[in-house]
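What follows is a set of notes on a single structure, which appears directly below.
Chain naming follows the written order as A, B, C, D, E and F, and within any one chain the residues start at number 1.
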Amino acid sequence: MADELSHLDERGAARMVDVSGKPETAREATAEALVVMQPATLRLILDGAVPKGDVIATARIAGIMAAKRTPDLIPLCHPLPITGVTVDIEPADDRTLRIWATVRTTGRTGVEMEALTAASVAALTVYDMCKAAEKGIRIEGVRLLEKLGGKSGRWTAEPPPQPPSR
Amino acid sequence: MADELSHLDERGAARMVDVSGKPETAREATAEALVVMQPATLRLILDGAVPKGDVIATARIAGIMAAKRTPDLIPLCHPLPITGVTVDIEPADDRTLRIWATVRTTGRTGVEMEALTAASVAALTVYDMCKAAEKGIRIEGVRLLEKLGGKSGRWTAEPPPQPPSR
Amino acid sequence: MADELSHLDERGAARMVDVSGKPETAREATAEALVVMQPATLRLILDGAVPKGDVIATARIAGIMAAKRTPDLIPLCHPLPITGVTVDIEPADDRTLRIWATVRTTGRTGVEMEALTAASVAALTVYDMCKAAEKGIRIEGVRLLEKLGGKSGRWTAEPPPQPPSR
Amino acid sequence: MADELSHLDERGAARMVDVSGKPETAREATAEALVVMQPATLRLILDGAVPKGDVIATARIAGIMAAKRTPDLIPLCHPLPITGVTVDIEPADDRTLRIWATVRTTGRTGVEMEALTAASVAALTVYDMCKAAEKGIRIEGVRLLEKLGGKSGRWTAEPPPQPPSR
Amino acid sequence: MADELSHLDERGAARMVDVSGKPETAREATAEALVVMQPATLRLILDGAVPKGDVIATARIAGIMAAKRTPDLIPLCHPLPITGVTVDIEPADDRTLRIWATVRTTGRTGVEMEALTAASVAALTVYDMCKAAEKGIRIEGVRLLEKLGGKSGRWTAEPPPQPPSR
Amino acid sequence: MADELSHLDERGAARMVDVSGKPETAREATAEALVVMQPATLRLILDGAVPKGDVIATARIAGIMAAKRTPDLIPLCHPLPITGVTVDIEPADDRTLRIWATVRTTGRTGVEMEALTAASVAALTVYDMCKAAEKGIRIEGVRLLEKLGGKSGRWTAEPPPQPPSR
């Protein structure tokens, strides 16, 4: 297992792993984040005094843009020409907003980090826009749900995640 | 409570709130994130086949740099001249790496988003460096622990968080 | 008048003008851009097959974020701690979307470039989101409307611009 | 026409359109912007007290660099490996500076936004460098002139634009 | 001397040093870089087949813009509101181009890194623009020349550097 | 030789050279930088009061991240999908830290600038972390060591450089 920490060379020094020899293949990754808050805060977002949608629209845009900034943020992450991003945001229960980000590319490495970064930054944006109402909002369950393509093929989280209602 | 969603104007449109009239005061915020993994993965990071410290050193640098990028990532976040950042990373138990980020500034708004972004990006970096060993790593409990300064003064999460062992 | 091209030194070389000696004062600037298109395209944006608001919400966020990136884009522009940004977008007639951006800071130089950049990038975002429907969309009348603060005080375009309906 | 607003999904939510299935083809786009000012200001730029060329050289560099930053600015724009950029700047009459930007790539989507962004940021840079002399400078006629490549092939503005004198 | 490595905390972990308690004072730093090449290459830049000045104009703009990007590049460097940058570039002898960058701010820490980064990136830009003619160009003597302001006051390199001919 | 200054068009204006017609081939470049300091400063880094490795780990990360930022810094440099980066840092003698950066891609142009930028920014980061101990540290000998791939094939500096001890 040790040699799987492939970001570290034989001496433990950080490096960006050489993927020059890998073929370009279609890749896709989906990640999830949950934003947990008071029901009153979630109602404010969904149907409160403010027009429905704008917190969610802003968080969605932030997530999409963050997917593109991933290699600027994650030191050893390869830059990749992303070919598609969707960010779905919907309530999971009366106190949880669920964020679901899918990223696609054709490249030599996967887009797990792009999907996780998109979900995380969308969640942080929800926090930012609601922190005046509730500072105790938490981001939970940031995780990879699924990954397609590349030599290792398909990987799915256990238990299999439920897709957004779209 | 509705009017506290201050990032939205009276019509619900997103805006960067005008803080011109606020005085510049000393501010500080501390946020936390937990990275939950298999014990074998955590051992790899801490004292495994790779020299201890480099995953952690890389994640720490990523968190510090991300604090400075916060206004580029969070759409309605004010740019602030950060005056100090520390990122502590240590095991909380045999399967959890705890990340603790403190950001300081002298400015017109707080640095909660900077602290939360630093903790999140440090956690994502741990994921990136260990994903070859374990794809199911999760980031949990991303939350504000404490906030000092500004008109609203001190705010502390409940129950009060335990400081890093430093 | 020649010596007013203050970005060029005595030999014509570009420089970032030294403003160290100027006091920090409250500053504000408002700029405008018009996006001119076919009436059918504007109807699509405003009340067409797509839910009203999302093109506009995306363009608004893009404008706000671009205001913060101004010193990265405009070579000789000073970095400034922006304290507020609003971007209003509304139809001016049946083929024109009007974008109105106001930026505030407390600093040693004005925020004209931040306001003009916000308006321009919001307009470019409208183009991007509608170009599949109409490639001939044009951006017209990008200009400063008003500037407040600093040694030169207030400046207003002639004829005085009409404020957004907000 | 409605379904051509392809940046919005079936529910109107913003997304980065999936272009994974498109082939990589040679693409080219040319855009134009006009900077309209007082004749005295244009003379300052062209042959005034300052050495000819530096305002123009700075604006050209700003435009080229902005083409590379396009996906950071335009939320739903795909990142593309640009393979060439030229920015031509020349007087169109005694009060107008004309900016003409051409961008090339081999990719899955076009480079219209890159060309428009290059022209816009070059124009904003001219404003920035001349605003001490004239605050009323306006940017007009930002538009796509021509687009080559991709499934839709060639598109040319009407009436056909005149090329730069180069 | 050991405790002067102030970027490392008591355990050797990297941190952004807390400067919250320092007063804001006027700061200035000047740095130098030398680009050493074949005389034929330098003649190409200065008076060769290409109009004099454009390599130098591009390098100057790159240096000024890089000064603003310094905290994005240097992990533990504080963001500072730069108030002025000049980059002078002139031949030192028949094979050496000398780059001289001065940066000013009013802030809590110095701008040494901004000046060194400006000089380095200007030098790299000269390399980039001339590498087709000569790959063996070297950048030498990147160093701080002078630093003013802050608690430690003035510091000057030994022997005292000669100013640019401006 | 004059026509080799290919970043300038026939009129001397800067442009990003069109490489659309070049094939994508495997590319590699290695660059070097030397950081020269007092022996006492180097000892502080290597085995002093601070745990060995953290200055070096931070500089290595900074260099890797800077390689990815190269087209944002060097105006006429093409964006490239980097496929691998290593940065080696080791003492060359009792007062010199040697930085050795290798960058790989599959693309239409080489990665010389990425390797040189990685080495330079790693060197600047060493300066930043040690400047409290010694302001007179100098960066010397920033140069290309080797370049592979592309039409011009292999190029090696003279005399041939010695590889890192790894």
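The rule we apply is simple: a residue touches a chain if its C-beta (ideal position, glycine included) is under 8 Å from a C-beta of that chain, and two chains touch if they have at least 3 such contacts.
Note that the structure is a prediction, hence the values are computed from the model and not measured.
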Measuring centre to centre, with centres taken as mean CA positions, what chain is farthest from subunit D?
B
If you average the CA coordinates per chain, which chain's centre is most distant from that of subunit F?
C
Can you give the whole-Å distance between the Cα centres of subunit B and subunit E?
32
How many angstrom lie between the CA centroids of subunit B and subunit D, rounded to a whole number?
38
Could you tell me the distance, in whole angstrom, between the mean C-alpha positions of subunit E and subunit F?
16
Could you check subunit E for residues that touch two or more other chains and list them?
11, 13-14, 51, 54, 57-58, 61-62, 65, 69, 72, 75-76, 81
Could you draw the chains as nodes, link the ones that touch, and say if you get a line, ring, star, complete or other?
other
For a test of understanding, state which residues of subunit D touch subunit A in their complex under the given definition.
9-11, 13-20, 71-72, 75-76, 78-81, 107-108
State the interface residues of subunit A toward subunit B in the complex, per the touch definition above.
1-8, 11-14, 40-41, 44, 48-51, 53-55, 57-58, 61-62, 65-66, 69, 72-77, 112-113, 116-117, 120-121, 123-125, 127-133, 135-144, 147, 155, 157-158
Using the touch definition up top, name the residues of subunit D that touch subunit E in the complex.
51, 53-54, 57-58, 61-62, 65
Subunit F partner, complex, touching residues on subunit D are 26, 57, 60-61, 64-65, 67-69, 81-88, 104-106, 166
